[in-house]
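Worksheet for the structure shown next.
Going by the order they are written in, the chains are A, B, C and D; count residues from 1 in each one.
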Amino acid sequence: MSARPRIALIGCGRIGQVHLRNLIAHPERCEFAALIDANEPALRAIAAEYRLDTISTDPSIVFDDPTIDAVIIASSTETHAAYIIEAARTGKSAFTEKPIALDLESTDRALAAVGGAGSRLQVGFQRRFDRGYAAARQAIQNGDLGAIEMIRDAMRDPAPPPPAYLERSGGLFRDMTIHNFDCVRWLKGDDPVEIFAIGSALTGDDIVAANDIDTSIVSMRFPDGSLGSIENSRRSGFGYDVRTEVFGSKGALHVGDSRQTPVRHFDAAGVREDHQYFFLERFRDAYEAEILSFLQAIIDDTDVAVSGADGHAALRLAIMAESSRQSGRPVVSGEIPSEIEIEPPSRMIISA
Amino acid sequence: MSARPRIALIGCGRIGQVHLRNLIAHPERCEFAALIDANEPALRAIAAEYRLDTISTDPSIVFDDPTIDAVIIASSTETHAAYIIEAARTGKSAFTEKPIALDLESTDRALAAVGGAGSRLQVGFQRRFDRGYAAARQAIQNGDLGAIEMIRDAMRDPAPPPPAYLERSGGLFRDMTIHNFDCVRWLKGDDPVEIFAIGSALTGDDIVAANDIDTSIVSMRFPDGSLGSIENSRRSGFGYDVRTEVFGSKGALHVGDSRQTPVRHFDAAGVREDHQYFFLERFRDAYEAEILSFLQAIIDDTDVAVSGADGHAALRLAIMAESSRQSGRPVVSGEIPSEIEIEPPSRMIISA
Amino acid sequence: MSARPRIALIGCGRIGQVHLRNLIAHPERCEFAALIDANEPALRAIAAEYRLDTISTDPSIVFDDPTIDAVIIASSTETHAAYIIEAARTGKSAFTEKPIALDLESTDRALAAVGGAGSRLQVGFQRRFDRGYAAARQAIQNGDLGAIEMIRDAMRDPAPPPPAYLERSGGLFRDMTIHNFDCVRWLKGDDPVEIFAIGSALTGDDIVAANDIDTSIVSMRFPDGSLGSIENSRRSGFGYDVRTEVFGSKGALHVGDSRQTPVRHFDAAGVREDHQYFFLERFRDAYEAEILSFLQAIIDDTDVAVSGADGHAALRLAIMAESSRQSGRPVVSGEIPSEIEIEPPSRMIISA
Amino acid sequence: MSARPRIALIGCGRIGQVHLRNLIAHPERCEFAALIDANEPALRAIAAEYRLDTISTDPSIVFDDPTIDAVIIASSTETHAAYIIEAARTGKSAFTEKPIALDLESTDRALAAVGGAGSRLQVGFQRRFDRGYAAARQAIQNGDLGAIEMIRDAMRDPAPPPPAYLERSGGLFRDMTIHNFDCVRWLKGDDPVEIFAIGSALTGDDIVAANDIDTSIVSMRFPDGSLGSIENSRRSGFGYDVRTEVFGSKGALHVGDSRQTPVRHFDAAGVREDHQYFFLERFRDAYEAEILSFLQAIIDDTDVAVSGADGHAALRLAIMAESSRQSGRPVVSGEIPSEIEIEPPSRMIISA
């Protein structure tokens, strides 16, 4: 399409600012075209700091501008599907933060629009662009582990989000575990067909008030009999904990802890190291790589690395987990309707 | 009882020889009295190597000898209960390898005999005597982790056992997972009340022929809402894998990998370390510590560190897991009858 | 001076491009004003890629432009001093790659110009801005290690540089060990007073032809009796190796290895990890932080974090080491003349 | 000689008790014959604990007993040479703790007696029997690292010894660094030809009163131009620190830290591990392996793994280091007379 696509960004909250920085830092790959945010004071402050000319609280200036090639959607979840549809309608590539929507029906509508327009949609599962996870997937694809027999994927946040976030999050499985579901199906190269989930609310009244859980274990079975588990917690007490273990017939592979620095302190009490506290630290490079990958797909006019169907599939697994937790029994694949065809996970993209 | 108890050993197979070495190496704590094994050539070979005087294929020479204070039972599983009962009848302390029996009825009979005689029975859950696990339990007891919210316990053998072993093993949960159940309930200080188990036979025809599984994930819920999971595999492809992670409101604790040596080799392909291959390496010190603990209980005339009730409780959880796997649904505590009172896990023993 | 200083960059080779990227990525902190390089084709290619307007092979367009606040000097070593003097003459702040010059006389002339103009000069010892090294220095300053008794600093490159580089490098101590000397004196907060150095040429004929060494050990004594050692090699065989160990009366602190990813691969041969190969990977964040620190000093009109005197002091230690190696005996501080006053290492700067 | 040699032990202090335990634990390899110690109360206490029959304060009962095949000398340093000579005279194999003596003359006399008698003498450099160090040496011998270019060997004790020990220790180099010298020459397979040593007394008045040092760095050059360094401290502040790094043309190898347990504790302050505190923990298995190796040499009637010539060579390097430190200049090999022929380090022995 364009050797240097013009990109608009909708949403300049925490994750929007991450994307903004990565776009600005790569003038050799894109031209930053416009910043949109409903919150005008925040918008003006960001624009002043980064010397941005074109800003607005009205997204139609983006969708009405034919010189803009693509839009990055980092606004609140309930707006994603509408912006995706609008981008499809106006022939723009779209990158959306996960999830596309909190229900399969809205997700299907958005995907239908993209499919109908033949346009491009990438979903923000950034973990796939982490060098560690990309190396893990590559090793699996190479057959280094033999046949995959078990995957264990864990993710814990340092502390629970505020009540306002919880209310609109869609619950632990749709908000948090959705990342693990994407990771597991992408590493395995297949979707689980049976899911059993248990959960508890252990961190405090906010979770209970939101009728949500903060601690969960999901176990799952794949069509070939291999097994998987996902652990989540809203509160680790020590920092961001994202780790994955893959076991195969020939060996195993761990994507492990990440430290902030390689410092070790030895004293009479033992040895101390530091630990990464926040997901933005752990996945800083992955956030940059996913945007570069999206830009490259536009430049090369190719498929994106993480498709809308991937977003649909991960949401569907989250819904199966929720159903299992509420019913207290395992849920099999056929119990959750799927309007769109379930495709195998998108092709591998190794971050540069 | 005795400042230097006289100990007989029944069974000089792989694990029996481990106990034999540890007894001989501690003349300051015990006198080795007799070695019994049904296999006479093996018995004679061991006796010659270690210069043992009193050996027999007939265990009655042990039970008929009032100068023998205790017996260590390392013979095949189906003989454990009878020897425990015989030891109780003749007033001897007994240490038995796990499990006491493969069914709860036989286990209850053995425990009733011990209870009736007021004698001493220790079960061979050696992991409790590992310095790492003992430190973990101590940290949990100290409240260092706050309230426990999740436990994940993994154990993998390097390669599946031979068919002859599989046939008499009682299946994966009773043979292997029983160690994990003991570990989890001991660390948590409580028994799970709901268990869901999935398993597959992935390593080959032997497992299928034995109508067994080789790969499993157990998820569980404790009375306070905290969660747990256990992963097992008969074949890791890389060595013995025993690791445990405990998550609490204030932080987490991992009992991790063990290396054979602290050597790291750096070359163009990266960095290489070694890994322990076998459980006897990983728990070498724990096997010594559990026997020393048993001897100390005799010398001090106190309770043992791992009771018969602990053996019963772990077996009961294994049976719940098997029932869940076969029925395809979660099993709750009340579904499995328990003749004896379920007691909380035995007191903490820190290995010296 | 300026809330958003205008910065020119002289030199767009490997390290110049690193600085260029970091300047472009921070429009909120600076305005990129001009790029100068003697190699016109390379200059034009870079300018095209990054959409740069103002470029020239003639540095006078920078020094003649009063709107340019500062210049970053990343050209070849023999040009550093002249550009520093020119920047001082025209009232611009300067950042220079190390070393200022290969001899103390030229260094002194450059520092005299800066001192006379009262202008600002920062030297590119980027290791100080690494989060690990900054944390180490902070811990030492905090007294966490008690009195410092020994420092060991090691640096190895993956492979020797080409002959053309070696010829103009000034030799191993001035080219490579100078980084270690800066690090050691900065961590210790003092300069060694006695140095003994041994070296060999082991990697091949290029080193011998350049009359240089590629492998060396420097040992040193500080005024308080504490000791230090520096190891260098032009060829590690496995990647970039920069590690430091500091030992004090209360404990020790290691700044250790850095991995590319947190992936560990377990198989029958053991456990494998990756390793960083190149200094630009290891110090990527430090290069960004040192430029941000320089910009901040301009914005806040304060002292730089790494002064010209620091550059002078490290060069002087390198010259002492060279003298020791050639004479085969320890060299004490008084043997090397110092026109400028030796100051203690610059104040601590923690990278953000 | 004997399929199950009869062994006497002279000295039941700290290290003597380690040997005693290892002898008793291996009735399949030896018969414990007699325990000798000059301190009668200590001797009687140990004998009672371990149920030993034959004890004496008079070593002549050992040397006069022709049924005793070998003697293990763990008495104080000044007695080693005389007992070695006595063992040689009476045709017994001898194992001696290091050093043979504190001076080369006494060492030469002892070695001459052993040589004249054609008897067997092993020196207690236990590090060679550590699995990590044995693996390192094997890798070097295999050529895995290519040509060796540098070795760095560090050893630190947790805390300085008492004044009484210091007085008779022979000084840091002969008492402590002698282990490093043996390790370095054994790993390298050659002796350094030039040594430069610096040292300081930093830990307190005891060291100064003993006219000794507690902190030192030794640098050295081998005949092929490769380099080495040794760091020592009497006080680490955190535990026992023994680590070695070997750098070759193809890569590097670290023998690193040893932890007591594989426990990692994560909380808001970071990650904590434990550390081994004491050399007896770190080298527990090596002490057992060296005695088993000595016994095997007797059983097989072969050479020992660590010869008297190795003891002589390490002492000679320690004396070179002391001479360098006192003179303030490098010392070359020819400056220290050597009555006996310097042999290359003894053959490799891999501990079982």
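Before moving on, here are some points about what is shown:
We take it that contacts are C-beta pairs under 8 Å (C-beta built on N, C-alpha and C of every residue); 3 or more make two chains touch, one makes a residue touch a chain.
Given the structure is predicted, the values throughout are model-derived calculations rather than measurements.
Which listed pair repeats B-D comes down to matching contact pairs by residue number; over half match for A-C among B-C, C-D or A-C.
Compared on C-beta pairs in contact, A-D and A-C come out with A-C as the pair having more.
Centres computed as Cα averages put subunit A at a distance of 57 Å from subunit D.
Between the CA-based centres of subunit A and subunit B the separation comes to 42 Å, rounded to the whole angstrom. Centroid to centroid, with C-alpha atoms defining each point, subunit A and subunit C lie 39 Å apart. Shared contact sites, meaning residues of subunit D that touch two or more other chains, fall at 236-238, 241, 250-252, 257, 266-268, 274. By the touch criterion stated above, subunit D contacts subunit C in their complex at residues 145-147, 149-150, 152, 154, 156, 194, 196, 198-203, 215-217, 219, 221, 225-229, 231, 233, 235-238, 241, 247-252, 328-330.
By the touch criterion stated above, subunit A contacts subunit D in their complex at residues 236-239, 241, 257, 259, 266-275. By the touch criterion given at the top, residues 21, 24-25, 27-28, 49-51, 130-132, 135-136, 139, 144, 250-258, 260-268, 274 of subunit B touch subunit D in their complex.
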